[in-house]
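Below is the structure I would like to discuss, written out as structure tokens.
Every chain is named by a letter (A, B, C, D and E) in the order it is written, and numbering of its residues begins at 1.
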Amino acid sequence: MAHTPASSAGTTATPVDLPIVKTEGIHKVYGGTVQALKDINLEFKRGEMTSLLGPSGCGKTTLLKIIAGLLKPTAGEVRVNGKPVTGPGPERAFVFQDFALMPWATVLRNAAFGLEQQGVARAEREERARHYVEEVGLAGFEDKYPHELSGGMRQRVGLARALAVDADVLLMDEPFSAVDEQTRRKFQEDLIRLREVENKTFIIVTHSIEEAVYLSDRIVLLSPRPGRVAQVLDPDINRTGDPDAIRRAPEYLDLTDDIWRGLREYVE
Amino acid sequence: MTLYGFRIPKFAALFFWIVVWEIVGQFELMLLFPPFTEVLAAMTDVVTTPSFVEAARITAYCYLVGLSLAVVAGIGLGLLMGLVPAADKLLNMWVNIFLSAPLSALVPVIMILFGMGEPTVIVTVFMFAVWIIALDTRAGVQHVSPSLKEMAFSFGASRVQRLKIVLLSALPEILAGIRLGVIRGVKGVVIGQLLVSIIGVGALFSLYSQNFLMGHFWALILILFAFALSLAELIGRLEQKVEYYAGARG
Amino acid sequence: QDDPLRVAMGDIASVESLNLLIAMERAEERGVPMELTYFNSEDVAVQAVLSGEADIGVGAPYAFIENSDAPIRMFYRMSTLLFFPVVNSEVYSGWEDLDGEEVTVHSRGSGTEALMRLMEKEHGIEFSNISYVPGSEVRAGAMLQGTVNASIVDAANFRLLQERGGEKFKRLPIDGVNATDEALYANTEVLEGRAEDMQVFVEELLRTWRDIDENPELVGELREEYGLLADLPDNVAAEAVPYYTEAVEGGVYPTDGGEPADVADDINFLAAAGQVESSADEVDPSRYWDFGPLEKAKSAQ
Amino acid sequence: MSATVPAAIAGGPTGSSIARFSQMPAMWRILSLALFFAVWEIAGRTNFNYAFPTFFETLAAFFEMIFDGSMGAAYLRTLEPLIIGLVLSLGVGVSAGVAMGLRKEVEFLSLPIFITMQAAPMAALIPLITFVYGIGLTSKVLAVIFLAMPVITINSYKAVRNVPPSLLDMSRSFMGTRWQQVTKVILPAASPMMFAGIRLGVAEGFSGVVLAELLITPTGIGDLITFHRSVANFAHMYATIASIVAFAVIAVSLLYRLEITLFRPEKRGLS
Amino acid sequence: MAHTPASSAGTTATPVDLPIVKTEGIHKVYGGTVQALKDINLEFKRGEMTSLLGPSGCGKTTLLKIIAGLLKPTAGEVRVNGKPVTGPGPERAFVFQDFALMPWATVLRNAAFGLEQQGVARAEREERARHYVEEVGLAGFEDKYPHELSGGMRQRVGLARALAVDADVLLMDEPFSAVDEQTRRKFQEDLIRLREVENKTFIIVTHSIEEAVYLSDRIVLLSPRPGRVAQVLDPDINRTGDPDAIRRAPEYLDLTDDIWRGLREYVE
């Protein structure tokens, strides 16, 4: 089951191996009757990429939004850098499944939106946003509007927006689900490369076992409603070098099969 | 809505406003509002006069005839526009013009063309209701999932069958259009009767205003409002049923 | 039994319509069924007569006939124009003062407007604006409140102004105007097709008008006898006899039902007011009037 | 439907140029107008109704009224209550709608009123207004407001309510204050539907002012209509009615253009 | 490039190894300007499962619809069992990306729709539909309406409808793209099993390289617009036994990598 909680209280310095995000006894009940999450105790280490995997409706999105501070848990607490979360904070940034771009704003303004709300001056925020728009591979598209982009490109804007605010933790809810297979595959490879450049902590919700195994340092499997932590796995896969090599590593294949055997029974 | 932990039902707000109305009326704060209790008292007076029954009959008759014509013509027109691109290009502009035109300005024309009595009121109801029904039907037809049409074609459905599928798929939009048409039709019947000639409810309005019967006037207005709202609610219910039955479309 | 003769009025019946209502009752007693319909303005009533939804209309549709050549003809002159131009004496004292000022009349194309236009010509003045406020009582009310300072009202409301305002309201003189206020008209088909009924009706109109001319008190008696306008509040009903007494004195109700010379006067008046383009010299009265029923009725008496 | 025959097969270059020609919306509009006017002209010439003028008679009457100044004067008269009424409806309607969209308790108290006003035949109130406020400007302005405001309010309310929840979450997650959320996300996201409501409201406002001018006292356009009807100048009456209909339609489409140029940068150049 | 055409003309008997579907010089131009397909010559063998793979917009759907008789080619011809295609026919059945179910009809009536159009009597068509509804794993859901089903289950209804008319060729346009990852994986396994029971020819459009390699006897790679046949591949993978074994077979992994290397450059 869940990891044993590490000592957490009172540390002001946050060494690299201490958890940057910690959930303690999270419960979530919707409308008094629907128990979505039950006693979630998890730790997310700085600089790691964690996937939340589980059957549909098990509470993945709910958990991610609680960590983001967008939802309040019914019981329990989320701590980021040791401080309890009471709402959204500058150290966390969200990437949305449906992109959540403003249709009336250009790529650049969308990417700079987090900074705009923080009151960063126009010239500076546009410079920073421009940098990340390039980093996610959209150089030249700065003045386009979202409806002029494909799904994959729109999600790249969402990613640039999250990167631009320079948060430590990136929370992504099925970021590739509205994107076609081949684009998705490319995106995954880009994400691995991006991780090497940016030292961020990623928490990704996904339905894809391959994606989880391919991308993450750690996989949290949730059980069907009420969502509990069923298993925490640490794939030991070398992600340096050719990304294609990962997909044929025996550890990758074994883990994928393992997880599939565990989840198959819940499918339909 | 909850207040101090208690759930307050939605219609409670209406009671609040009725109380406000009564106070405004009692203290004569606004000329427009006689005390609500006075209006209620007039209500019984209004519904028991013989002319009310006759007015209600004429009004209901004109309304129902006009609306039925509008439903039939609106669905037909919408289908035509939805299925035949050339017809759409020719007619779409007019449907939109009539939708945003001040139709009350047309009533004098209708009056001259159709006479002073019921036909004009019927045509007015028709004019108020038909365009929105046509436009919604058109939207429904155009939004029928192309793959559903291809499906019917690829499984060898006949023309009639395919038209049936288009109609059934467009049903939620058609009903939404009819609901709007029903509401607009009530406006049409009132405007028609007010402008055209002194028949039906229009006659009662003149009677009350010539005799300075404010309470009666409001009572009649409330009856009309209640009629319009119940009709809209009724179609809304039907719509929900279809929406549920049809599930998430597309 | 025939279909009733349907009379279309452009307004709801009031005290001023009692003479017509009495004549209709009397015609009915002589076996001509009559029916009254109200429309919400005079021009709607014309449309009703034209389209056959009514047989007889109330009004003076000279301009309408001139412009449309519609097959309708007037056949009985019910009243002459008796209106009282009134000004607030604190503001104006004569026609000359109204030059460049605003006056308020009944409606576009009405006799009240025509009268005011004619006065403009006669006195060589020009109003800055003519605004329309239907209803003599409404205009009188506005004058009492001081929102209107120059208008034109009927006898009853002129009396009201004098009662309430005394010296404050001054009547301006009008001379030599003989114009029809209201007439009865009908479709030519009706005039021909139902000539006998029309004759009976006109006979009763003439009789009633003469009776009232002799004795205005009769209106009150006959109202009760026939139960006319039963739901009229008592205080309003009580106005009937005084109204007719005064109207008869003022010569509002001619007893001859009209004659071709009146048509010429009407046309001169309306042309002066700019409402018709014809002039009396070139116009054949039969374009507007059918004196047939009136002549037959007169010779039958 | 989807099995359109490719132009290359249908008729070579001619076929495709016809196809391209017929794709031009302006051409269809002109064609549609021309057809309508032709039918009107022909119907008028058949004299099926003594009061039905031909199209060209109507057009001539229109220009006559333009040049003798009566049309201009009438519009000046009509526009006064219309503009006052619309400005008031816009101000009150949009703020009330947005307030209802943002605050539950405002919604609870006010929504039933506006729903009633939108669904019910408010025109029935016009004689009542006259009754109470007389025949002046106030009554006409109120008539415009009664018809225009409900739809503006309800649409503004729905527009705020229909802002995609993920956009709200987005603004919140990037630390937007409530004020930033409202001004930077809710209002821009709600503006298309709000403007749709405003367009409907303006159309209703036209209806209201015409009704007022026909029912309360004939002034402006209403006066032109009734006057020309009373003297059987039917071509003038038709011209007046056609002009107010056209005016309303043009006003509504200009409003749409304005919305696109001012608030919808992403749609510029699309239509 | 394309296979050498086999002899095609005039054979009335259609032995198993003769192509059941053949496209000859198919061109498709949309609206006079957009060339979607260019000179497509392909053969599909009876009983085989073929995947059409290629970057977005390369004309896969167009080709499938031309084969189905839903679209007319600008030039060229499709032959099924040697007869030229002029429209939809009973020997071909289509499975739609968005399922194309009638929302107002029950599962059973949807599944029986093809038979209903053919005029099969109610009792018989319901019996046959019921059989296939069970075969696709929806026993017990016959009287439900589409909105009461999950995406995966809806697509199973679409499949049952296509099977019920007993067509020889099943044409499927991205049948799994609107279905979540885990369901999709299950569905793929079921499809392999189904193929063993029903002797049908399948033509499947997909974006997923893994799916194509996992499922098909043959993969047709289309190049970006104007779509031409870039390559035809015959994966030599043993599909009997454990379906999970396929995903770790070296041939499977090699082929997937090969194809990805070819397609990657076209992505975004």
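By definition in this document, a residue touches a chain if its C-beta (ideal position, glycine included) is under 8 Å from a C-beta of that chain, and two chains touch if they have at least 3 such contacts.
By chain, UniProt protein names: A, E = Nitrate ABC transporter ATP-binding protein; B, D = ABC transporter permease.
No experiment lies behind these values; they were computed from the predicted model shown.
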| item | value |
| --- | --- |
| Path length in the contact graph (chain B (ABC transporter permease) to chain C, fewest steps) | 1 |
| Among all chain pairs, the one with the most C-beta contacts | B-D |
| Distance from the mean Cα position of chain B (ABC transporter permease) to that of chain A, given in whole angstrom | 50 |
| Geometric centre distance via CA averages, chain C-chain A, whole Å | 86 |
| Chain E: positions in contact with at least two other chains | 65, 70 |
| Contacts with 2+ other chains: residues of chain C | 47 |
| Overlap residues in chain D (ABC transporter permease), where contacts from two or more other chains coincide | 2, 51, 226, 229, 234 |
| Residue numbers on chain A that touch chain D (ABC transporter permease), as the complex places them | 65, 68-70, 87-90, 92-94, 96-98, 100, 102-104, 106, 113-114, 116-118, 145-147, 161, 165 |
| Residues of chain C defined as touching chain B (ABC transporter permease) within the complex | 12, 37-40, 44, 47-48, 51, 53-54, 233 |
| In the complex, chain A residues that touch chain E | 55-56, 137, 150, 152-153, 177, 180-183, 185-186, 206-211, 244, 247-248, 253, 256-257, 260, 263-264, 266-268 |
| In the complex with chain D (ABC transporter permease), residue positions of chain C that touch it | 41-43, 46-47, 50, 61, 63-68, 70, 107-109, 131-134, 138, 275 |
| Chain D (ABC transporter permease) to chain B (ABC transporter permease) touching residues, read off their complex | 1-2, 22, 25, 28-29, 31-33, 35-36, 49, 51-52, 104-105, 108-113, 116, 118-133, 199-200, 203, 206-207, 209-211, 214-215, 221, 225-226, 229, 234, 237-238, 241, 244-245, 248-249, 252 |
